[in-house]
Amino acid sequence: MKASVIGASGYGGIELIRLLSNHPDFELQAIYSSSKENVPVTEDYPHLAEICPLPLTKIDPVAIKETSDVVFLAVPSGIATELAPQLAGGHAKVVDLSGDLRLKETDDYKKWYKKEPADRAFIADAVYGLTEWNRENVKTAKVLSNPGCFPTAALLGLAPVVKNNLIDMKNIVIDAKSGVSGAGRGLSPLVHFAEMNDNFRIYKVNEHQHIPEIEQQLAWWNKDTAPITFSTHLLPVSRGIMATMYAPLTSAMTTEEVYALYVETYKNDPFVRVRPSKQFPGIKEVAGSNFCDISVDVDTRTNRLVIVSVIDNLVKGAAGQAIQNANLMFNFDEASGLKGFPMYP
Amino acid sequence: MKASVIGASGYGGIELIRLLSNHPDFELQAIYSSSKENVPVTEDYPHLAEICPLPLTKIDPVAIKETSDVVFLAVPSGIATELAPQLAGGHAKVVDLSGDLRLKETDDYKKWYKKEPADRAFIADAVYGLTEWNRENVKTAKVLSNPGCFPTAALLGLAPVVKNNLIDMKNIVIDAKSGVSGAGRGLSPLVHFAEMNDNFRIYKVNEHQHIPEIEQQLAWWNKDTAPITFSTHLLPVSRGIMATMYAPLTSAMTTEEVYALYVETYKNDPFVRVRPSKQFPGIKEVAGSNFCDISVDVDTRTNRLVIVSVIDNLVKGAAGQAIQNANLMFNFDEASGLKGFPMYP
Amino acid sequence: MKASVIGASGYGGIELIRLLSNHPDFELQAIYSSSKENVPVTEDYPHLAEICPLPLTKIDPVAIKETSDVVFLAVPSGIATELAPQLAGGHAKVVDLSGDLRLKETDDYKKWYKKEPADRAFIADAVYGLTEWNRENVKTAKVLSNPGCFPTAALLGLAPVVKNNLIDMKNIVIDAKSGVSGAGRGLSPLVHFAEMNDNFRIYKVNEHQHIPEIEQQLAWWNKDTAPITFSTHLLPVSRGIMATMYAPLTSAMTTEEVYALYVETYKNDPFVRVRPSKQFPGIKEVAGSNFCDISVDVDTRTNRLVIVSVIDNLVKGAAGQAIQNANLMFNFDEASGLKGFPMYP
Amino acid sequence: MKASVIGASGYGGIELIRLLSNHPDFELQAIYSSSKENVPVTEDYPHLAEICPLPLTKIDPVAIKETSDVVFLAVPSGIATELAPQLAGGHAKVVDLSGDLRLKETDDYKKWYKKEPADRAFIADAVYGLTEWNRENVKTAKVLSNPGCFPTAALLGLAPVVKNNLIDMKNIVIDAKSGVSGAGRGLSPLVHFAEMNDNFRIYKVNEHQHIPEIEQQLAWWNKDTAPITFSTHLLPVSRGIMATMYAPLTSAMTTEEVYALYVETYKNDPFVRVRPSKQFPGIKEVAGSNFCDISVDVDTRTNRLVIVSVIDNLVKGAAGQAIQNANLMFNFDEASGLKGFPMYP
């Protein structure tokens, strides 16, 4: 199957190139960029020398949709709103990694993204690809909206207790931390090396655009869903997200009971690993891989549940989950092309 | 005034040496260690070459108390239980940086530290030196118990709203992150460079020994104090703590109102800086200094308050606050010897 | 083909597990350790949870040689001296990643490693596996001695000009820098996170055991070989080596001429990439991959050649080259199992 | 004495603010910037909140020279060429941290800086402030040219053997490594966090503008001076330079003999620390301080001397040495305001 990547000069695009180039079932045939044209991708990314001969090409939606079986859209929010409808409706299936097709309520998009939303009906038809929880719809999707990095980590961690109504939905606190590749390749003093090195910052407190995305999925799972509190921090690392989540249990449970629920829930999911009690994951333990590792611990003094969820933001939080979804859309093995181990140390 | 440091081969001790050596009112006259004897401190710490000629000396409490005006105890928990009583009661004032004299309830000490506590009456007499909130008692202290690093960051951040009864005391969540110098100089796979580099870990979830210390102070401030939820993470940085704290407001307030309260509260405190709205501090902005920088933000959707507090764990979280307290104990300017700027970048 | 790894609890062993587990032609069947027995490898390396079910097993050379087609020895120097002869001579081929079989002159081994050498004849029969330069011998090797990490980077960089007699062999200076995974998993203050973070150190100046290994290969290539000057530095990164090398040209050449020689030399080598003029490689551009990237630049003012060579010390400098050699020993595609892209950023 | 800083929004300017604010003899009275006007310096540098009330002010040379006793120029190269002459000639002494007044041969400036030089006579009168080697001239300087960061590290390391004619001046190789603050605060993909983190790069091979500065001073010391080979690397750290230097000894010497020469040479210099044999300095051991730490080691196999020299590029390599020079220019204690210890860890 022929795959194209649009937005190939960003980190999400580059990670798609890494993963698709060694995918047994997809052939990466072309890469596109709005900022560069007819230059080898190796100009900006010399680590691809001699292994990725593709040039960055101008985006021509008509040509792309005709020549591709699947198009991965790794463009900034706002651009997919334009491009996705042009790419859809023909032969090619579309996997959009931006935030443009995630929020079914277009008013939410306007409010949190501060941009004009895509067509409401088009968004309604896009399948939200939190793979582990939406496999049947993903399999038949023509347009797939790939989840955000923070929502992926948070939702996989919260799902078992939210769906089983075991936590107080009005008191969920998510304290999230991300490596700086999540901020993209755009230059900014915030991620200037000398300033971020040996540093740690908090940003977008109570105003991150991933908040409505998390709440939307929570509401699909649980009718008592209420606004969450969500904050995001920048770690002085290249990759990785940890979401530390806190919520009161609605009735007393032991760590072992919660752990057993998580193990049972994810027993057939190749990319979710539930860690034994007190063996909390570090972000490096999933680096470069499509794994989401989860630990749970009950604070018996407060009857509050602590959930820790880690992913590589560029893999399970972006390119990896996109390919996992595409695998399902084409009826391939869900793990095809995603079997690389974490790179440790 | 003659100052001695016991436990000078650890990071807390080394930081005391750095700060005391340039202190205008204290003279660092001797340094002691239980693990090294009659070797120059420069053997393990060559950065002190030619500027700290003192050898590490065997700990002899009788001699130390006779020759010192103030003794800083920077030994591991469990050791101060033995040493502090031997050093106290004479001419010298004692500033203990360990956790041994902090918990007035000796049962709490046993439970959380898993060690035998010091004499209950001796602990009762030790003054808990959260400087900004206990100045009058600090001034007359003979034995001072210096707060832990996490409690310092957390308590300075929580104080204004806890004392004014503005948050739901039953729903405080503290998500704390620390640089690895907080783990000391002891070798461990956890802080082996190749494993901690580009990594981020969570540890001691719901079981950190700083929990009862925080709750003790909260209870002194507010009778509705209940167990908190507190988790700690390791950052891939050398120094710095950020405590991100969450609690529901008991009634609706704006960020501006909370901010105004904090500014008013700390207006005369030389080492607490309240940051303007949306200008959250990064840990590097206090590195090497005795500052605690605080931001507040109200999540209007949930009426939950987010408080961000950062310190340098070795300065305001250890050696700096110890000297700040000693300054008061000897009636010096509170900021004496602590006026160095943060080192940035 | 059945592969076993001995020394699987070290970083070299873990990297072999990562690469062999996704190798199409080798099946990793057992892993061995002298320090751990009958514990899952995931105990120390939780990143392998659910993907490497193998336990660490006690080393039994007789059983290993009978059940394996190839044995990778990733043990510390001194241990392979004992083990390699016990493993060799039967059905299994042996790939030794230690320094024990590299130096043909056993006196050199004694002098630089300060240990007793293996049997001289046994060492003589071991093939030195600098793959690009010894393919024919590698193909028929029964016992292969895998090059050291620094020698790999240095020798691939020096080969074209040394073999063609273009530099003054009496004036070669190699300034090498390595990530700390090269120092292994053994705990040491040198690589304690708080001390190595934001730091950079030089070590083993003029006394590194890789010096005679480099000189031995240079002498095989060029009869004018003389002692080199070689120094090693520790970078605050997990992986990667850069060797910056300096030598006077014996006659005037332009950068372009030297570059052309390198391109021609390595045109058929899948893992050596010669970078265009002034596009020097960074170590991250080969991270996780088996590439060696090389740049050259002539200092026209001094007629001195500067050669820059980078590898991932755990891949091309250890496990990757070992597999590259094993591929040849079993007549597989030289790049089999090694086609993963560098992980960037 | 009233001090002003021009270029206060760059890292050199910020470091001057840090050091001058706690200087007992200088009063920092005003700070100037070409890019910002009438904004508090805390806008870009919130670590200065409440401790540096000064606004960034528009540069008005006439006013500055009238109101200042000393002006520190921390502007990019090319700007000092304009400003320094306007500031000089009146009451105020000028300390220029740029490269504009360092090269006495204006053709060298043109060639290496690719800009128009300042007036030749004006440059001739500027005193080159490599403090340890030019104290008498510094004391009477009206316009002082502060050395570059790399030249400071390299020259202090080379001086004893160059002045005593002990090394082959035609074969000096300097392999220099710098933290990224040396690249300034200007944004660039090269120092974007996600790309520089866990990375190491080489840059400006054989073309760094500090080459002629080093050679100029070497020639003042030794008539046999010839072109050097000099390369520069970027370390993933915020601060620090290590220069590893190699040169053949002209006659056989032991490490001990060379060491003794260095100890004797620098015995009265408060900021140069010669490290005992085999105790090589790491860059963190001088971080935040004005020290230059030096080690020497003779490679007996090649009779080549290895010299290791480390500094903090922003202190001894910029702001610290500038203040050290200003201290001499005003007849203060040379170490005034510079007695802060290295910050370790």
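Chains: A, B, C and D, in written order; residue numbering restarts at 1 for each.
The rule is short, and it goes like this: contacts are C-beta pairs under 8 Å (C-beta built on N, C-alpha and C of every residue); 3 or more make two chains touch, one makes a residue touch a chain.
All values derive from a computational prediction rather than experimental measurement.
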Contact counts by the stated rule: is the higher one at A-D or A-B? A-B
With centres defined as the mean of Cα atoms, the chain at greatest distance from chain A is chain D
Averaging over Cα atoms per chain, report the distance between chain B and chain D in Å. 36
Centroid from C-alpha atoms only, then distance chain A to chain D, rounded to Å. What do you get? 46
Where chain A and chain B are represented by their mean Cα positions, the distance between them in whole Å: 38
Two or more partner chains touched - positions in chain B: 11, 181, 194, 197-198, 236-239, 284, 287, 345
Parts of chain D lying in touch with chain A, wherever the complex brings them together: 11, 44, 179-181, 183, 185, 187-189, 191-194, 196-198, 236-238
Touching chain A in the complex: which residues of chain C? 11, 14, 17-18, 21-22, 45-52, 181, 197-198, 238-239, 273, 275, 279, 281, 284-289, 293, 339-345
Going by the contact rule set out above, which residues of chain B touch chain A in the complex? 171, 173, 175, 177, 194-195, 197-203, 205-206, 226-229, 231, 233, 235-240, 242, 244, 246, 248, 278, 280, 282-284, 287, 297-302, 304, 306, 308, 345
